[in-house]
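Shared chain: chain A. Partners: chain B in the first complex, chain C in the second.
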Partner chain A sequence: MRGRTPLLALRQVSRYFGAVEALVDVDLEVHAHEVVALVGDNGAGKSTLAKVVAGVLSPSSGQVEVDGEPVTISSPSVANQLGVASVFQDLAVCENLDVTANVFLGQELRGRAGLLRDGEMETETRALLEHLTIRIPSVRTPLRHLSAGQRQAVVIARTLIGQPRIVVLDEPTAALSVAQTAEVLTHIQRLRELGLGVILISHNLNDVRAVSDRIEVLRHGRNNGSFPASATHEEILAAITGAA
Partner chain B sequence: MNAIDSVRDILTRNMRQSGIVIAFVAIVVLFAALNPNFLSPTNLTNIVLQYSYILILAIGMVMIIVAGQIDLSVGSVVALTGAVSAVVVVRQGLPWYVGVLAALFVGLLVGIWQGFWVAYVGIPGFIVTLAGMLLFRGLTFLVLDNKSLSPFGGTYYDIANGFLNGLLGGNGFDVFTLVIFGIAVAGYAVSQWRTRQGKIAYQQTVESMPLFVAKLVAVAVVVMWFGYQLSISRGLPIVLIILAVLIIAYTLVTQKSVFGRHVYAVGGNRHAAELSGVKVRKVNFWIFVNMGVLASVAGVVYSSRMNGAQPGAGNMFELDAIAACFIGGASTTGGVGRVGGAMIGGLIMAVMSNGMQLMGVPQSMQQVVKGLVLLLAVAFDIYNKRRASVLR
Partner chain C sequence: MVGSQSSLREANRARVVDAVKRHGGLTQVELTGATGLSPATVSTIVKELVAAELVEVRNTIRSGRRAQLVTLAHRVGLVAGVLVGARQLTVAVADVSHEVLAEQVLPLPAEHRADTSLDRAALLVVDLLERVGSELDEVLGIGLGLPAPVDAASGQVTVRGILRGWDGVPVAQVLSKRLARPVFVDNDANLGALAESTVGAAREVHDALYVRAGHGVGAGIVLAGRVHRGVAGTAGEIGHVQVDPAGNICSCGSRGCLDTVVGDRALLEPLRSSHGNLTLSDVVRLTNEDDPGCREIVADAGTVVGGVVAGLATSLNPELVVVGGVLAATGEVFLGPMREALRRRTLLQQVTPLEVVPAALGTRAELEGALALALQHTDLLEQPDTGPNGPGDVAVGQVRTGKGNR
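Right, the complex of A and B next:
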């Protein structure tokens, strides 16, 4: 991977909430065809970092680069335009809307006069769900009628809309059963095969070691070690807790 | 779908969707039985003329409520825009269309003003429009110098009181009115048929063919009967055409446009919508701009209907419009509600007011009844939702 321009790079990024230092001088690089896991204890700054990349929070200082170019990700729609798709920890869906509407939310296919191209969006949604082997009764089902696992599946299907190049997954398996978790991990590997850069945030070291190429540890908002996927459980755990 | 499922489906989902229509029919039948004049051609025409401005307000209000906001200022905006129009037409003697344009422009400014405070300053719509209610009422008094201005007369008066009659002739009834209603029924049948074919194509359950046809025939009979009653009275009210165009346009905007989709998303889960790249501020801004403009349309219709502008015009209209939305199935927490539902909700209010007036029920009693109906309608909706979630 050395020598190539990373797809996404954070250089000395800090984010403060008043006196609280959520992120301090964090560096992170993600290349194409790479799954980078971000691990750390509660409050280590993982979700803050995800929100900075997704355009929900802006960094207090430091530089974000996409394709080596400095960028300002000022809003989620700017993130979309830059090719960054995100899945957040809290199930971020509109329960009153159906599956298709949720998958395409914010990136609807527009026809003449701003009207929705409903037919095409439905066809594409069904193809997408089939591709990810997600079973849902109908793409016209409102999300309030689906289980938590099915909702998360819809949220993950969302990330593939609009040809993203970088996908940020914040605890994508937290609310899922064992079988559904395995499916999501397969999906993450498929994202890598498609040439995307993936940032995977998780508590579960087994999940992380199963799919990632590199594991970055955050502790108290700072970088605290970078490990290959072959690193032992104990080494990573020591970096997370600061025991080393 | 087996037999038990179908029964369950009719009891839950269909009940919730069609409950409001059934209630409407029941109220109409009740008043028709109590008073023979209720279904007379003249009275049906009067209902349309008397409540058109509430229905116009309810169109904008349902979008605001779906987005999780509320607008308390529309009554005052109706008064202010009517007053501006009266100053332009009655006091300055300018042509009727200048008055209409001036009213629409003021409505636009009001919408921009309120949209700015809600969307970009972040003050809840309840507070902004409560302030607006006082603000625009006060401005109305200033504009009118505390005095009524009348009469408009002429073309302006015809906006809410005029009829299209005799365009295609007819003996004792207006053929043009019947043709328009015929086109409307045909359009409704075609759109229902296409929806049904679409559902079949996606292997969704649809009601059986005889039930579907029976539903279409029932709607066609009622609509054509209503059209016939109008045609043997004074013909097609101009305001009914304005209303029909607005209903069709806004049904399209809310159900088929990207903007409409975003309004529902913001009301369903503001946070999720924002994270998904929906421009929540823009949506909030434009629904209030839209409400301002629709309130000015209602202001024009109301001042035309009254043939003048009064400082106290439009008092309590906001409550009628809000009640129409909630009776029509809008959710108090946002995200749910339709233009069609709000229209039926508005008609329920209209029919009740008119029916009770015909029967000589005192104003005080009318208020009590309308209050109770609003409460029961929302209670019924909540009860049905709860039962549906238990059965699921």
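Right, the complex of A and C next:
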């Protein structure tokens, strides 16, 4: 079933900002069809790690492997080519553009004369929303008219353009209502069902334990425990705070 | 051409109704986007549907502007159904004709706790009502299902350890205090039995068993058309029938219960080395995709569950066994071996051989049951003297007035 080689592996990855040790010798593996949660206190290095995977930051030392092959993710577009799609905390959507334009932002389909293939993008967006069971009435609605949860859904749909194999979600349920959280968690389950590897970064242990296969704890930039989803709230909390 | 035009009109009407159903409530402008029809067509169709009393239009605000919210027509009042599962919470709002207006699923962590989950359930009920443009006071009652034996009056779990994190919580009281609406609680398998015997596969049957096979196994017993709960609400808890005297200790504290053999952990563990980390729904999906290992696990579970159901059926002599829960979604892979195990018992083959059928409501049976439970009680509240359900209903009145403790 599951390949023995992880889709993505970080081996002894470190990243320093001057004297700040954001990541120190961090190991992480993500397999296909798996949701790996990354939890930790503020400043534990979660977002730095996400940015390393997304090609926004390059590691100071250590190795990143995709399909067991060492790679250098030197930029977000390289990450894209390697099949890594990311969603950051600040969603980076264009409020004035509609759902279709936001889903295809920067990856627009173009015809021979460089003209946008609008109809095709619209059809594909509709299919994507359907696929992820996202409920947004119209793909022509400008983003400013959507709720926070719907925007998050649009951004998750965007990650699927270009058929990625790994999706990194940084705090996707922060500042969402319960119903919107429910939607987003359901989308994450759907990504897993589609066979993708998902890295889920979140503060909310409840959400994390609801959808993850494995929970990796970071503390002061270092690995501080790996837990199955069945681990108790207390065990994980202890690892986050360093009580264990 | 006249014929095709009227069928086009029919199709467009169906599209509008579908879109409203899918989203709970949509403004006319949103309907235009969702259906791809022109604003004029949408407006005409909505008018027709309002006249036919299929949808309702009410004023709302969208993006700071006044707009017309189109929802399905609500008859008389609303009920809410809350189904607490091992790994997910489902909340639905329906009208008294049993039409589900809005629904939402929230994944839950393993061993979730009553305080967080009930808080989220309450917020989801309010959120869904908002989605269909209604207020809390339109809700006549809330039906709630728990995956453990419960005391129908207080909604408290009666056996400690089975649903860790919910022990000692007066569920009905907590939620009815929070939402100021009457809350009725029952075991999930009992709710499945209620739904299947009122609108599902056991509709015309007096004595039936409903078997729910999912994260754990439970059964609902219908005798003479009524769900039998027992003195402590543990009737039909076949998940805690002993099948292996030398087996593991179960969450209830006894040894070798059915749940320790076919519960989710027991089913997933043997697949770990070959298939990696799977969830129960992965196993169901892979079984339906013909994965041999998963089929083996599900079929063996069917045999074991069938053996225990055979014992229950021999004691109660039902006419029909209805099988629900996620494992039933594997169809004959699970049902076949179960049927085979029942066929071997001679007593079950007399006069009318015991039939085994999948739940007509599928995995929705329990949620429909929660809605049915709320509806049943709201009918009773309107006509207190004619209730067919007897003494159990006194306790319901207590919950309603907030005196949940017995």
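Assume the second predicted complex is superposed on the first by the 239 of 244 C-alpha atoms of A that agree within 3 Å, B and C clash if a C-alpha of one lies under 4 Å from a C-alpha of the other, contacts with A are read in each partner's own complex, and residues count from 1 in each chain.
Rule of thumb we're sticking to: contacts are C-beta pairs under 8 Å (C-beta built on N, C-alpha and C of every residue); 3 or more make two chains touch, one makes a residue touch a chain.
Please read all numbers here as calculations on a predicted model, not as lab measurements.
With both structures placed on the common chain, the touch criterion links A:E108 to chain B but leaves chain C unconnected.
Look at A:L185: by the touch rule set out above, it reaches chain C but stays clear of chain B.
Applying the stated contact rule after C-alpha superposition, one finds that A:R11 touches neither chain B nor chain C. Contact with neither chain B nor chain C is seen for A:H203 once the two complexes are overlaid on the shared chain.
Residue contacts after overlaying the shared chain place A:H145 against chain B and chain C alike. In the overlay built on the shared chain, the residue A:H220 is in contact with neither chain B nor chain C.
In the superposed model, A:V211 lies in contact with chain C only, and not with chain B. Taken together, the two complexes place residues 138-140, 145 of chain A in contact with chain B and also with chain C.
Contact residues on chain A toward chain C in their complex (touch as defined above): 1-2, 31, 33-34, 135, 137-141, 144-145, 177-179, 181-183, 185-186, 189, 193, 205-206, 208-211, 213-214, 228-230, 232-233. Interface residues of chain C, counted against chain A in their complex, comprise 19, 22-23, 26, 30-34, 62-63, 87, 104-112, 116, 120, 123-124, 127-128, 131, 274-277, 282, 285, 291. Contact residues of chain A toward chain B in the complex are 54, 56, 75-77, 79-80, 86, 88, 90, 92-97, 101, 105-108, 110, 113-116, 118, 122, 138-140, 145, 158. Residues 202, 204, 252, 256-259, 261, 264-265, 267-269, 271-279, 335-336, 392 of chain B are the ones touching chain A in the complex.
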